[in-house]
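After this come two complexes, each holding chain A, first together with chain B and then together with chain C.
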Partner chain A sequence: MNDSFKPRKLLMAAYLLPSFFTYLFIFILPSIMSIILSFFKFSSIKAFRFIGFQNYLMLLKDSNIWLALKNNLFLVFTCMIGQIGIAFVLSCLLNSRLTYLSTPLRTIIYFPVTLSAVVIGYVWKFVFDYNYGLITYFCNFVGKEEWIRPWLSDGNTIMWFICIPMIWQYVGFHIVIMMSAMSSIDPSIYEMAEIDGATGFQKATKITLPLIKSTLFVCVWLCISANMKAFDHILSMTNGGPGMSSNVLSLYAYTVAFRNSNMGYGSAVSVFILAITSLLFALSQIVKNAIAEKE
Partner chain B sequence: MKKMIHIPAILLCLAMLTGVTACGGSGGQSSSAAPSAPESSAPAPSAEDEHEPVTISILHEHTAEAASNIVSSYGFVEMIKKYKEEHPWVTLEEEIIVDSGDKLFALAASDDLPSVFGNRYGWLPNFAGNGLAADITDYVDPSMYVDDLYCMTYEGRIYGLPNKYSIFNLVLYNEAMWKEAGYETFPTKIEDLIKANEYFEIKGIDTMALGNSGKWFATSLLTAGLTYENCGDEWVESMIARDGTNEWTHEGFVKSLADLQALTPIFNEDCNMQDDVWAMGWYMQGKAASHVVGNWGLDTARNMSGESPEVWANTRVALMPTISGEPNIMSSAVGGNSQSVNSKLKGAEFTAALELVEQICSPDYAELLASRGATAPVRIEVNFDAFEQPYKDFAAILNSHGTGMNITDYVDSSVANALHAAAQNVMTGASTPEAAAADVQAAQSMLLM
Partner chain C sequence: MKAAHILKCLLMTLLPAIYAVTCIFPVVWLFYTSFKTMGEFSISVLALPESFLRLDNFIYVLTEVNVLKYMLNTLRITVVVLFFVVLFSFINGYFLARFKFRGRGFLAVLYTCNLVIPAHAVLVPTYILFSRINLSNHWYSTVLPMVCMELTVGIFLVSGYIQTVPKELEEAAAIDGSSFSRTLFTIILPVVRPVLITCAIITFFHCWNEFSFSLILFNTEELFTLPLALMRFKGEYSVDYPRIMTTMFVSIVPALLIYICFSKQIIKGMMAGAVKG
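For the complex of A and B:
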């Protein structure tokens, strides 16, 4: 091969170095340090004491961890159904030739993705306000005052109200991914299906869904990782309350590490988050492989 | 031609690398000599050091906006101005960061603390225990301060001076509304408060506004006082001292949580969703007959009085009622914003920094705050006769009631957070008082692991 077409390795390395160093110092090294710190009692600024697996034993006995994990899993599964489910339906609608103004609609739906999660949290806190919120106003408007509750004060239903803004914000994100996958489907397949009398629902479930399956799994993985590290929405809406009922693992790790000055235990919680997320990824991969084998 | 493209590209890469690896500014770097041994006292200042030009630094939270709205911030900023006027040979570098706790810990971990920095009782094991705060025991007089400097004492030595004195369990109440309900004065018994709720409920008014979204309000404003009454001084002091003789599952503390749960119907239904400022606004709009708040609430109410002059004109101040009807103690905390000196400083720098701390936490500061109807931790005669009735009521309470420690300000932050969660859980019915107390004890036990 002509040497002039071969990229020089030194040049390639030079271009890759900034990104590599960024990734190394911002992601890789802190993750490694976090794992190492989780084996230390590091509750004051300077004093480190190696304590082996004590932080992890404490974690297993900590009821707040299991409550936070339950909340995280609730978020993952509810948002998976909400975000990906609604995104799929909307993507099919927006991709249909019968839908007018699909491009501006797609922009409008995507707009919340660009907003800060803290802003979303505060805005929805106003929506759920007991006295002056939109929901309260609507209930009064339709004459159903008995439906009005302090929505964010009820520990039994709080997680549903946390899911709503999270689903609302990220539907657009998944739509963009799905629509780019749908754009690679040959339109003649849909035309042939229409000739055969397929309905919209049949086209979506029998044609679109199977053909964008791998993209859907990407969406599932993104959903899992995003909801396992959910933090900003909960902090701004409820601060993990009332009590600990809307607490999630990342918020608990932050509270333990920075508010309680127990960095070692906070690191252990972070490692726990990593472990659970990896487990969920592995489970989804097993499901994906099982579906592929079935076919 | 290829080289002309490659050279700018390589330069761009280098520029990106430099940007990625560049560190932030040190801001407020304390100038220091060799680090001193942790247990040794700082050297005594000499006369010739006093006017040696020095540069010291301070990290604090009191922005210009805070100073225009909050009396204690105003006092803090004025004391710094006064210090600068009286110490022309000192160059003072100020770094102002709201909620600077995380920054402070990061600076401490990197041995880069400013000359003067904020401290509090719960941080003493970190700053005093690790030899980062200077031992100033030999330079200060504890009797000048309302708590004899308990808030800044660690293992018998003093590591700072307090700058805040907060009373937590005050009630601002609308005298006209309560007279209509048949109460000439604010109830002194909790059961009367609960009974009054029946009247106000019919009127569609909340008996008491509470903003507990920050979680700590219910604990500091309510549970702390109940705990003193149900458990006694000795129990509270032993829990703060963490001497192991008592536990949070004590029947008195469980009863305190049960009493808090029984009180919950008197509050606005969304008390756990709203913050303290909202709750004050709710009271000032006449939607609540009273509002439980700390002493800072008087200034907040006065600031809102322009929109609600009638409510302000009818506002009086009392202490939160007790179960027995006996006078309540003032649930107080000293030193939430204490100031400490960097232990690395010596000679003229140490003198300058110590004098800055003394100025910020001085009788001058207390007098300035008293002139604005606020409290300070320095012992002075408080006379609010020149102020409106709520301030006079507050002064009468200050001068006539005993003081107890607001327990959550003196326990480890992990236990304090567990207390806040326990209070919210019993208020929402998510937990029983027994289970909530057990959760707090579990948090305490984790500290010992």
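For the complex of A and C:
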């Protein structure tokens, strides 16, 4: 690799150092700071006091945290099943040579991924709106007025209504990933299965599914990381309400740090998010290894 | 037999087609609701407007809400971020893929840090850091955090691409007496242009929709980006639904146009990234 055209050390440093220092200062330094800050109590950005593990003790006793964590885990699992499930079915259909227009359809289905979460949140707010919502409109249309409920103000079911837009938006994303994995499967495998009389369903579950397993794990991974940082969708749809019932960890960290000006505690919550996310990654890796070993 | 085959194909197409309709519907709905009054909207949320020539909502959004100002704020940030992301990704991707040097492994790992550390974990320290060094609440405040968040994917895409470019290219240039920098920018840069475009497009959408850093680093309305402004307006104009929907429609038009023009490249780029990831 050490070639004739390799530049001298000084020139190389001149190329690499600007981005290195930017990254170090803008991203790595704050990451380390957030751990340090979680041991302090702030009254403003200039006055802070060391309080040891008190923020973490408070965190363990804070019932809001556990509710938010529960909501996050609910989001992770529901979206994992919803997004990956729907995306798998749709990619199998789109990948089949029997399906018409599969490329334009895929292009359209990917489109919501490029929309801002704030727009998605509002559009779905209009869909679920009690007075003018689309669902209300359809209930009236089919003459079932008694079905109409204030969907977004019922704390018990709110998380389901938060999930729907998030699943809907990212199905296209997972379809693109899955279809790129499917395109590398040798078509002669399917042809042979067809000669043996396999149905479409059998082809999907017995051939496609095992062959794109490693890609499905990438999808699971992306799902975990995306849903652990769910923030703007919920901020724009319900702002964590009604009450605290649709609160999630990152929204809670933001609320605590910036609306209640308790930055030390906010940092502790951020560190907690980081810990939980790493734990979920580790867990998914264990599951992956367990499945690999079984075979 | 032929008819049965066509029927089967139609059935296969049905489900993805329905899903695609739900994906395009919101934009269509936002578009035609922009021509409605609140009165029309409250009678029927789905009906088409009485006239497609009623531009009151658009005029209101462009003059009173001044959506163009927010669009300009967003665009300004996006352009600067794009420049740095493309430049840094190109340089780092090239060096990491081509040369062995001390600290190479460290650099490669360093730039993948934000796959593990979410942006929300650094919001508080970023706010404190930027306030202390007086970098918050300027139009360029969110530029550097955004560049850092986007670098990972860019470097990954570029270094993957460079590996497929033959080294003989640079060797020949060196023999002909071209300096390193000249080779880098006049020979390598044009070769990797496709991947830089992909990287720029992906970054564009992230910038256009960026929310968290803008939320904490901008606190004067003058500096607001589109998502931030939308968030604020819902509170102020919550009674007039068509007006909010017009604002949303106008705010997604640029992204929509870019998507229509580049959808092929976007999806190809995504696929390339997914295959390697």
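Here is the rule we go by: the second predicted complex is superposed on the first by the 267 of 295 C-alpha atoms of A that agree within 3 Å, B and C clash if a C-alpha of one lies under 4 Å from a C-alpha of the other, contacts with A are read in each partner's own complex, and residues count from 1 in each chain.
As a convention for this text, a residue touches a chain if its C-beta (ideal position, glycine included) is under 8 Å from a C-beta of that chain, and two chains touch if they have at least 3 such contacts.
The structure displayed is predicted, hence computed values, not measured ones.
*Asks:* Please work out whether A:Arg259 is in contact with chain B alone, chain C alone, both, or neither, and reply first, second, both or neither.
*Replies:* It touches chain B, and chain C stays clear.
*Asks:* After superposition on the shared chain, which partner residues are touched by A:Tyr130: those of chain B (first), chain C (second), both, or neither?
*Replies:* In the superposition, A:Tyr130 contacts chain B only.
*Asks:* Scan A:Tyr15 for contacts with chain B and chain C and give back first, second, both or neither.
*Replies:* both
*Asks:* Now for A:Ser116: first (chain B), second (chain C), both, or neither, which partner does it touch?
*Replies:* A:Ser116: touches chain C, not chain B.
*Asks:* A:Leu152 contacts which: chain B (first), chain C (second), both, neither?
*Replies:* A:Leu152 contacts chain B only, not chain C.
*Asks:* Taking the superposition on A as described, I'd like to know which of chain B and chain C A:Leu37 touches: first, second, both or neither.
*Replies:* Touch partner of A:Leu37: chain C, not chain B.
*Asks:* Which chain, chain B or chain C, ends up touching more residues of chain A in the combined arrangement?
*Replies:* Higher number of touched chain A residues: C.
*Asks:* Per the definitions at the top, what is the overlap between the chain A residues touching chain B and those touching chain C?
*Replies:* Of chain A, residues 11, 15, 18, 22, 45, 131, 258 contact chain B in one complex and chain C in the other.
*Asks:* Would you tell me which residues of chain B are touching chain A in their complex?
*Replies:* It comes out as residues 6, 9-10, 13, 16-17, 20-21, 101-102, 105, 108-109, 125-127, 129-130, 132, 213-215, 269-273, 412-414, 417, 421-422, 424-425, 427-428, 430-431, 439, 442, 446, 449.
*Asks:* In the complex, go through chain A and note every residue touching chain B.
*Replies:* 11, 14-15, 17-18, 21-22, 25, 44-47, 54, 58, 62-63, 125, 128-131, 150-156, 239, 241-245, 255-256, 258-262, 265
*Asks:* So in the complex, which bits of chain C are touching chain A?
*Replies:* Interface residues on chain C, with respect to chain A: 8-10, 12-13, 15-17, 19-20, 22-24, 26-27, 29-30, 41-42, 44-46, 88, 91-92, 95, 98-101, 107, 110-111, 113-129, 131-132, 144-145, 147-149, 151, 167, 170-171, 173-175, 180-181, 183, 205, 208-209, 211-212, 215-216, 226-227, 230-231, 234, 241, 244-245, 248, 251-252, 255, 259, 263-264, 266-267, 270-272, 274-275, 277.
*Asks:* Under the touch definition given earlier, write down the residues of chain A that touch chain C in their complex.
*Replies:* 1-7, 11-12, 15-16, 18-20, 22-24, 26-31, 33-34, 37, 45, 86, 89-90, 93-94, 96, 98-102, 105-112, 114-119, 122-123, 126, 131-134, 137, 168, 171-173, 176-177, 179-181, 183-184, 215, 218, 225, 228-229, 231-232, 235-236, 250, 253-254, 257-258, 263, 266-267, 270-271, 273-274, 277-278, 281
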